[in-house]
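Each of the next two complexes has chain A plus one other chain: chain B in the first, chain C in the second.
Here is the complex of A and B:
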């Protein structure tokens, strides 16, 4: 065919495909460029400016203030710094609890629902996945109802003689409550120092507030279904043959899970942890819907919400943008750290050695 | 592990070695059922409570939050939503935004996905790398920037501002690209030899073959834009442009003035869930298809 095909015509076809390629991606380039790339550059400028929301920040509506906005948040010592630190602490605990629990639970659900002998698998999958498709607004409204002081959750707890708290209105940190039960109600001298971002050790170590626990439970409830599907897809690659081989070798169910299934699910665990980490650092919708601006006692204030309210409610656009970029940096750094630690531990020693000696 | 329950199984007499694991399976299965049923109740019951409570009067909702059958059945919440509040307007706005966004994503994502999968053009690698980079930017970081651009373009507080930024998404382009790559090239070659142009080949030959991927895009776009909140918060202000998410968020955040009025809020939540739920149950098998693939009994 190529013998018959004259060179110039082929080149023409190629060029035509090339032109078509650019035409095909133009809408995508324009939309993503205008609403994703340009905005990031604009916001970077605003974060180092003193724009007050009046006029155009690029046509003389703002002047360059250097790192002032960032300094105010990181070393300012005032309310902006305290609020930022508080939001980091709150969101940090949220991530610390949600990511491991949702990963473990979704893996557990996937393994359970994947059992071949199980009847009604379709029903269970549907039941677990359904919360994932509903809107965060609807789920938040529902959870605010379930977790009122005399709500459904406390009624269930009452059955087992637990006196449930006034959930969304309780600012006490969980660790503080535990310490209180042990007789430590005040900050011990050792924890009174404020070494980092203007919050004392005692405040950093408060634990998630009771109110934040509601959001932690909500996140696990809504995301475990999505991640269950990811794990289910991966479980299909664990072939029956490998399992049978392990079974014949006399491996128990737990051993098979631990030594055969889990290693094969590694890439998915990796993905779920990364997605979880990125998603949980952006807690916003739920806080907005609750309508108490990060209360009680600022214990559900998150960087994302703080960035929004600083900009849109207080008109401190530079500071709001700076919070957004600091959050961005945190997400990137933590994701990189997570990937790096897991990758290191993931490579078996033998293979690492083998890789080392191969030219 | 007793052997009593397994004596009826003919294979056990033969394969002695496997008997232990069979017994284990039976026991484990019963335990699994118990755990799964409890979990399923935990996942499903809240939605049943939502529906049940929306038909209760306020006092009963507060006094008896667990019961699924209202003592006093009332549709007051729904009649308030649909005849007094702006709920119908929010619903209409959500429908408009969702339909346009979904149509736009199906078209633009498949165009871009096809170009990235099949059309060799200079700079394709760079465009692809940029796309990956864009996916890594957290949505929340873009709240303020998006407002700045929308404001600068003069489309703040218009439908254009709500819709345009959502018309394409990197994840959707990836799905389309991957699917197009799985379609044999020979199909397109045949069409081209017959004299079809690039767009014609794409539109009438390749796109119809990509139906499964297109349905995935429809599901994800519908769900995504129907449930979107933060973008709508920063892109508009006027009450005329409230979508369901924004309207119900405002209801929830205390826009009602007095009392907690949970039946009303939960009725709103229930109604806003219906379209997504319908889509979910219609396309359920496809959504779950990742997991159904290797199921051979």
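Here is the complex of A and C:
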């Protein structure tokens, strides 16, 4: 009997411990539910409804309109669709430039400040990390001062006889500027068609505007420090023995970095890329603080800002929520693609370094 | 009563209070059904509490409105509390979404059509005793489906502001004040030097639209039909493009200024097209710059300018006696003159136009513009159309006026069809 008894008793203990566990996490679950799950469900409902912004959308003030809001953005052919496409283009270029640059730069900085021979490592670590702890609003205002037509940046450029652009007020796309320098001032006939989301190929290929470049520089400047810290933590886990072994094998410094350090940093690279991707697609603060509502020429309009202005300024709550969910879908898809791209290839499963992290 | 029973009833009360709070949260629809009449009885004897939300231009305005609300409260025995919003459209939206909009609020011509179209506003204004005293152009801006919805609180128009030092330095006299487009182009050219441009105005319909009005065009015709790509508008944009490409006119951003007033104040521009808010800015920020205000020159079709205004919005169902009495008080000629003195706006009622012009003779050109000003067409979705138009106007110098106006026309037709 005594051999059989412990079973049910242990189960009872388990159940009681489980109950206690549930009670302990209940406050967190309630908070998450109230402030996360309910709002998300509510926003999802608003995105398929005609809610007019008055009262509770669940209380009968809104009716179901199916995919109308989404259709308006994706196939509507009107101004909402073009605005959405423009915001995707702007933010797409922003991501395309910011994510690789900030990842490479933060890795470079981390490797630099990780060197044992570097004097004043603490100072450099603090200095590089400093922009990350400053509020994005303060940094945006600072950058706006630096990049005015007669600001510090243009004065410096003037010293080397470069006539700087009117940065934050210049709506020209950098690719258009390059093409213009090559003599292509207007859209060639082949690029005038607008088959995708109502924006012509010429517009899609504008590149980030000069104004957007300021935000790109700013993002790289502010976030590199944060990611440097992540890389630094990972680098400290790369033990000296591994490096020594590589050295004994005759690997050069570059080979050691490329074939030993970097593969060992793979999980951190994945984290940094994912965080970067999510953060950059949600560009909002800087645009809001700048205060010209996505200008100049709508070239700093982003989906997050468009969602806000569509809802709050234009009372089109359904469309604003639909933009938010499309942005959500884009982020999910891109993260999945990135995860798939970064998977370890050509290594038998049992010999993989970081089995728990990559698929 | 035992201790536990007492605790039980306390829980019951808490639950009931919670349920009431929830009911209040979801009570947006109940609000619509006219609780206004119920509370109306109380207000006859005073004691109503009104929340007033404004987007203030600064301390002067906040203080003036606060004083007016206090005076009204004392007079009627009600209580009106002022809240100055940091971001009015956002706070207003939050109020409506929460089911507890302010009882009285500033509403811009941009936001008006959207709120009117979704039934958020009480169309109270036609019933005001002074409804016929508001300028016709202002009433048009706040009419929806042919009905005057809310009362214009005051307004501004655009005029030409001239730096008189620069004017005299260029050897110009009173006789040279431009009255036609050709003269404007000529004096702008004369005033342009290495350090200053002759004329500056923001890259937006809210300034350049005045040229469209002078050419006889505009965004919509008298019946509200879109006419954005009319020949008159093309002529106007072509003229503006000429000014910009000749170098005698420039957008403020291109001469290191945030807006026209700053361009005038820093001396980067000798003339700017701005509204009467420029007066306060010059007094506060650039007191040493001497300037004068003249009417905008007439175009091929005569004089033309734009007007900007806000109205006193009242939420649907909130048109109680107290709220209406407060609007009446705030829009009375007498009170509007007080506001005019305090923060430089123009009264929205014609009956005190003479008083205003007598008191501020140097600003007379602003109020003269009220006769022929065009406002923002009250069509739902107009904000986006104007934003898109403005985005294209930023590159007008190198753009194609016809193509720009064609796209505006297409956008206007899209929203005019649905409203």
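Side notes on the structure shown:
By definition in this document, the second predicted complex is superposed on the first by the 323 of 359 C-alpha atoms of A that agree within 3 Å, B and C clash if a C-alpha of one lies under 4 Å from a C-alpha of the other, contacts with A are read in each partner's own complex, and residues count from 1 in each chain.
We take it that a contact is a pair of C-beta atoms (placed from the backbone, for glycine too) under 8 Å apart; a residue touches a chain by one contact, two chains touch by 3 or more.
Owing to the predicted nature of the structure, the values given are computational and were not obtained by experimental measurement.
Once the two complexes are overlaid on the shared chain, A:150 sits against chain B and chain C alike.
In the superposition on chain A, A:80 makes contact with chain C only, while chain B stays out of contact range.
Touch counts on chain A: comparing chain C and chain B, the chain ahead is B. In the overlay built on the shared chain, the residue A:298 is in contact with chain C alone; chain B does not reach it.
After overlaying the two complexes on the shared chain, residue contacts for A:56 are found with chain B and with chain C alike. By the touch criterion stated above, A:22 is placed in contact with chain B alone, chain C being left untouched.
By the touch criterion stated above, A:245 is placed in contact with neither chain B nor chain C.
Once chain A of one complex is fitted onto chain A of the other, the partner contacts of A:169 are limited to chain C, with no touch recorded for chain B. Contacts of A:311 after superposition: both chain B and chain C are touched.
In the three-chain superposition model, chain A touches both chain B and chain C at residues 56, 58, 148, 150, 311-312. Interface residues of chain A, counted against chain C in their complex, comprise 52-56, 58-61, 78-80, 82-83, 148-150, 166, 169, 171-172, 293, 295-298, 311-316.
Chain B makes touch with chain A in their complex at residues 18, 21, 24-25, 28-29, 32-33, 35-36, 39-40, 43-44, 46-47, 49-50, 53, 61-63, 65-66, 108-109, 111-112, 114-116, 119-124, 127, 130-131, 134, 136-150, 152-153, 164-165, 167-168, 170, 173, 198-199, 202, 223, 226-227, 229-230, 233-234, 244-245, 248-249, 251-254, 260, 262, 265-266, 268-270, 272-273, 276-277, 280, 284, 287-288, 290-291, 293-294, 297.
Taken in their complex, chain A has these residues touching chain B: 14, 16-22, 24-25, 27-29, 31-32, 34-40, 42-43, 46, 56-58, 109, 112-118, 122-131, 133-138, 140-146, 148, 150-152, 155-156, 221, 225, 229-230, 232-233, 235-236, 247, 252-253, 278, 281-282, 284-285, 288-292, 304, 307-308, 311-312, 317, 320-321, 324-325, 327-328, 331-332.
Here chain C touches chain A in the complex through residues 25-29, 31-32, 89-90, 93, 96-97, 99, 110-111, 114-115, 118-120, 253-256, 381, 383-385, 387-388, 390-392, 394-395, 411, 414, going by the rule given at the top.
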